[in-house]
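Shared between the two complexes below is subunit A, which pairs with subunit B and subunit C, respectively.
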Partner chain A sequence: MKKLLAIGTAAACLGAVLATSAPAVAEDTFYIPSLSYRTGPFAGGGIPNANGFADYFNMLNERDGGIGGVKVVVEECETGYNSKKGVECYEATKGKGALVYNPLSTGITLQLVPKAPVDKIPVFSSGYGLSATAVGEKFPWGFNYPSTYWSQLTSILKYIDSKGGLKGKKIGYLYLDVGYGKEPIPLLDVLSKKLGFSVTKYPVGVKEMQAQSSHWLKVRKDRPDWIINWGWGAMNSTAVKEAAKIRFPLDRFIGNWWSGTHADLRTVGATGKGYMAANFSGIGASYPALQDVLKYVVNKGKSQVKSKDLVGDVIYNRGVFQAVIIAEAIRSAQKTTGKKVINAEDLRGGFETFDLSEARLKEIGLEGFTQPIKASCKDHEGGGGIYMQQWDGKDWKRVSDMISPMTDIVRPMLEKAAAKYIADKPGWKTQTCK
Partner chain B sequence: MDILHSIFAAPFIDMYSAPDFLLQVLWEGFVSGTLYALLALGFVLIFKASGVFNFAQGIMVVFAALTLVGLHSLGMPAYVALALTIGVMGLLALGVERFIMRKLVNQPDIILFMATIGLTYFLIGLGEFVFGGEPQKMIASELGLPSGSIDFTVGRGVVILEYADIAAAVVAALLVFSLGFFFSKTRIGRALRAVADDHQAALSVGISLNQIWAIVWFASGIVALATGIMWGAKSDVSFALQIIALKALPVLVLGGFTSIPGAIVGGLIIGFGEKIFEIYWGGLMGGGVESWFAYVIALIFLLFRPQGLFGEKIIDRI
Partner chain C sequence: MFYRETGQFKTTYEADSAIFPILQDRIGIALMLAVAFVVIPLTGSDFFLNTMMIPFLIFALAAIGLNILTGYTGQISLGSGAFMGVGAYSCYKMASLFPDMNLIVLVLFSGFFSAAAGMIFGLPSLRIKGFYLVVTTLAAQFFLTWAFIRVAWLYNYNDSGAIDTLPRKAFGLWISGAEASPVTRYFVVLCIVIAMTWFASNLVRGRIGRSWMMIRDMDIAAELMGVRPLYAKISAFAVSSFYCGVAGSMMVFFWLGSAEVESFDENQSFLILFMVILGGLGSIMGSYMGAAFIVVLPVALRAAPEFFGITVNPTNMEHYTIMIIGALIIFFLIVEPHGLARLWQIAKEKLRTWPFPYA
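Showing the complex of A and B:
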């Protein structure tokens, strides 16, 4: 009897778990899997991104009844920022009618890029992933609006150049020693020769994320003029504390757009005052769209954010921005195809036709949130620029205008990298753009 | 010829020409070494008592630190939160003894090891459920840990000693030596050694296995809390701290899994060694050697002295 009771209880629990974790996917909904990470060493960035992503779609559902009358179902699958788990999530969800994947990990994206044309589901790695997917002719199923790592790097270098020149300078490159951190290295090596600066690399292993004293001793020895930080998770707060410890001028320490989050710097506090980082989306919740997120989702207890004060954080807004681009691509696909309920293949077309103009940004309540993006078949990154933000000890403040990338240098290199990627993949389907 | 110069001459010239920097490297090596020793001590205590490699030591660091920060965020004064966290680690020790160790007496070591893997995932789940996954700020100043630094002029440069690092080294050293004393000079310490040698023999002379295990897991929990505070102050308190425990593995191989002095000496050798090698010779191999250097040292020791520097050489009669 006891055994029967135990089996019954276990079955009931399993049923309850399945019922709560797998939302019903109706035919007249858009099913968007969210490969999130709310657990593990990188949860500090994964949580706000996943919240922003889900909350924006929920706001559209609550306020507008979805997109073009079709509700969006966001189902999270926990990856722990682990590529293997990410692929498992992909395989487990693609058969449910997944419209698009936003893997939130360069490692996972690299695994999904070859799967996308086979399964005919777009992979949208917004500001991360494989930079070469920006070349639309070679990667019809990959998108990285509003910018790639390579473009971002050149914008950061332009900023450095504007503060006393690049030529002859020593640039330190501190990076998380995984696919994400290594991504811009080929470009950095080429640019250092082209633009006349030297680069010293400081790889930080995952094991050393919170034990960086050796790296910063080397920085002290090498005395670079600037340091660019390609960190994620706990690596960032440790790096800023170590930089402050050796008295490295923090206004010459620049993080990329994943290395300048509230989660990282709140734990550093006043010690991190002056630290710089790139960003491409707005800070704060004053935008009308975010006010709607608060009104329709957060204040009604339909969000996973712990506090409404976290709405508007840098990475929360990044998640919102990813959802905005997908929503705009869906609208564009609905318009182009004339269908209310589009599929993944239709959405691929939408990703090449949406127009997030200034007028459109204002219309959706995000005026000044980011710079306009005009999607195209050829350019899957939108050629977006970045702005610089600075930590004032308590909050991030925008301190520059938009800095456009060195497109003339980056684009040919992206095309070369894209050609190289597909060179050893017979049968890889490309497309011709007008 | 250049390569020989880079290996045998240039590093020593660097050391001689910049003594301030050499002192800074040695200081950082010392601070890292004491923290590694503290990490390793948590493993050694449990290994001595039960012959099991405690896979859960890393998550115990996270759990202890999150409990401390979490209790403080509820409005408790820092020292009350600290005392309550010690209590929570005590309860955890009792729970581990009652529900895991007691049920696995005389089981093969691999079963106990698997049990600690289970404990790890239980604590990960519990920690994330109770505290969430967001990074938290360690309440270092509230606990009285100093901030700022002392600067010494040496030659043409300065040596920066952060008060927080000094405090970390002092606390780690005190904890290591006091636990070392407790487990080597007291009755409980002798009982621990008896338990480590043979569970059944220890039981037959009236030693309470349950009591010893609870004490050892509690001591290990205290070590985890101290590690979480010190390392959390250097970075933040998040589940990433769990990975820090991996730094203890080469220390254990070097010092021996059963030796408290071994944990201290092993920690210091790895701490000094990895810093000096990374800074003065790392460039020859493209940098980033710190991540594997300690394991190479450990491997060399394994080849020539498998029991580690201070480990007990066990000879089994066949």
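Showing the complex of A and C:
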């Protein structure tokens, strides 16, 4: 028996090792891998995003028969928010005709950015990833519509400025100590000098995400006027609870657009009343397109979403947003190339030509869902603004108009960062824009 | 029947002290090299090379490094992840400072930096042993990862705080960066790992290796017989860290493409220690087996359902993988506490007497 078992395991291992080739996806579909994470400490954000992303495409399949008559196949690959596993997923799926990657992790995006021009597959890091990819001339294959972390940060600072000025204020920056949280620091350092405020940084390691008392002890000592939160996953709910515990005024505690989620704040409940966060996609399921998602996908049991009340959550809608942009880019690529079935290279063109105007948003049933975005070759972020939302103890409520970023400050810095990124990479492919 | 050395006479001292004294072993190793150098590059897909073979070889090298320290010298260390990091960061620094140097030379040279770090953090081993040494090597782990985060000079003040591969050519081919093909990177890694394995297997059989094993088996007796603990222990730390350092810089330049501090944290150190324990303490062969078990098996398991045409929810598959690996670790450690290498040794003995149950 023991021998048999041993032989059996050995055979299984061997079989698994030989697992190298994958069955090709049928010709006339769009294959979009979704590098999702439904396990680990970041699953709270990963699950709704992956659900929204897949559900919107499935809705298009069910309602319209796909995009331009071509169905979309979304295949998930579990990354656990781990860069190594993300690259493993990338390698496993790229050979199947992947059109675009949307890894929902800045760490994984950093790994994919240099691979994109070589494999000729665009990387769409929507509102995350390397801010410098917004410079289209230097990063032809990277896109971060609707806005970059750097632009977002300036919008948040503008909001703070509108609530009693920025000069001379003490700003705390609480961040997850990984690539994601470190990304806006260079800008923060420059802006603090330029705009005359001081910054205190509170890095939270992944292992300390749920044990932040030491950080908040420091906050109590430093007494910053405002705190900006660059958290993700289990870190957010802990931060809000800790802030409430030391009686930090929650309406002066602002999360970025990944730090204001339903999943995080529901566990905090009424304690978190007043907590602010940035957002760029609509809240709730009242949009006609989302009603269609409910009608064609969720109510028919074709979604992984646990309950239909979760449709319309902030991060669910974020997933929808990412799917909308990809769908629009596909449509635009179909139009410009005249082909029904496009490839990844055509889609890259689509990402530079689509026009998500006010009218178009209305047409696809998402009026007021987000700011209009006009894609261009030069600007891969679209310069979109953000609005502020506030937790009322039960739900997120929109409390401000769109706040546009300080493009005049951010753009030159992005260009500098992009130039620095490619400086030590001989053979990096750039493009010229008209 | 197999593995009978009957009739294989050794007529010279060289033949007697060869690495593989038995003909069957030589055939076996030649076959394995043929597979590694010819079959795999010809048939392996990008996925197979990138996510299984390259990390397997790199981690095998790191496991050999730790095996030298833990398996041969008996000093338990939890700093291997950090020593890999020292190699990676120093290689990155050198590659950006000397862009025209051959990257392979730099990768090998980066081992010296981590050897130096290993020697410094190995000093406490002269006074303390066992679990207490684990704590001091853990201190190395925490100190070095702290340095990788806080000393911005180490990552050239990159905005992301990560070190990313600098694309480099050698012999007219891209060997690092996104342009480098997986086959090229595989060959570079394979050559370095095989050369260093060969060096290590000779080292542990020689005078130095024997002094390490004497220290491991009984340090007082070794000291009385003229082995100097200072030299033996510190040289073991140096060689071990050298191997880990080279593995670390290969990890960044030939596998991952870019790395954050998380790639060198204590989890990494634990993983390498598990490879050594599972593979077999004091066995070069075991280091390879352990690395295959920890690195290749999970990837293979995750890819398995699709290969066999079964649809499994990727989230569930993730959980199954964790469960299967865990169960297999328990199974193998119950069946053979001395590791996979010992299993192989038993199999060899059995093959020797087969088909008779006794010799």
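What we mean here is this: the second predicted complex is superposed on the first by the 410 of 434 C-alpha atoms of A that agree within 3 Å, B and C clash if a C-alpha of one lies under 4 Å from a C-alpha of the other, contacts with A are read in each partner's own complex, and residues count from 1 in each chain.
The definition used in the following text is that a contact is a pair of C-beta atoms (placed from the backbone, for glycine too) under 8 Å apart; a residue touches a chain by one contact, two chains touch by 3 or more.
The structure displayed is predicted, hence computed values, not measured ones.
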TODO: Once the structures are superposed on A, label A:130 by its partner contacts, choosing first (subunit B), second (subunit C), both or neither.
DONE: second
Open item on the list: Just checking: does A:381 make contact with subunit B only, subunit C only, both, or neither of them? Give me first, second, both or neither.
Closed with: neither
TODO: Check the residue A:206 against both partner chains and state whether it touches subunit B (first), subunit C (second), both, or neither.
DONE: both
- [ ] Examine A:267 and indicate which partner it touches, taking first as subunit B and second as subunit C; both and neither are also allowed.
- [x] first
Open item on the list: Quick one: is A:313 in contact with subunit B, with subunit C, with both, or with neither? Answer first, second, both or neither.
Closed with: neither
Open item on the list: Is A:38 touching anything from subunit B or subunit C once the two structures are fitted on A? First, second, both or neither.
Closed with: both
TODO: Specify the partner with more touching residues on subunit A, choosing between subunit B and subunit C.
DONE: C
Task: Which superposed partner A:214 touches (first subunit B, second subunit C, both, neither) - done: first
Task: Doubly contacted subunit A residues - partners subunit C and subunit B - done: 38-39, 177, 206
Open item on the list: Considering only the defined contacts, which subunit C positions touch subunit A in the complex?
Closed with: 44-48, 50-52, 96, 99, 149, 156, 159-162, 164-167, 174, 177-179, 256-258, 260, 262-263, 296-297, 299-304, 306-309, 314-315, 317-319, 328, 331, 335
Task: Parts of subunit A lying in touch with subunit C, wherever the complex brings them together - done: 2, 5-6, 9, 12-13, 15-23, 36, 38-39, 76-78, 80, 83-84, 87-88, 91-92, 95, 106-107, 110-111, 114-115, 117-119, 130-132, 177-179, 182-183, 185-186, 206, 417, 424-428
- [ ] In the complex, go through subunit A and note every residue touching subunit B.
- [x] 38-44, 46-47, 177, 201-203, 205-211, 213-214, 217-218, 220-221, 233-234, 237-238, 241, 245-247, 263-264, 266-269, 306
Task: Residues on subunit B engaged by subunit A in the complex (per definition of touch) - done: 18, 21, 24-25, 28, 31-32, 124, 128, 132-138, 149, 160, 162, 231, 234-244, 246-247, 274-275, 278-279, 282, 287-288, 290-291
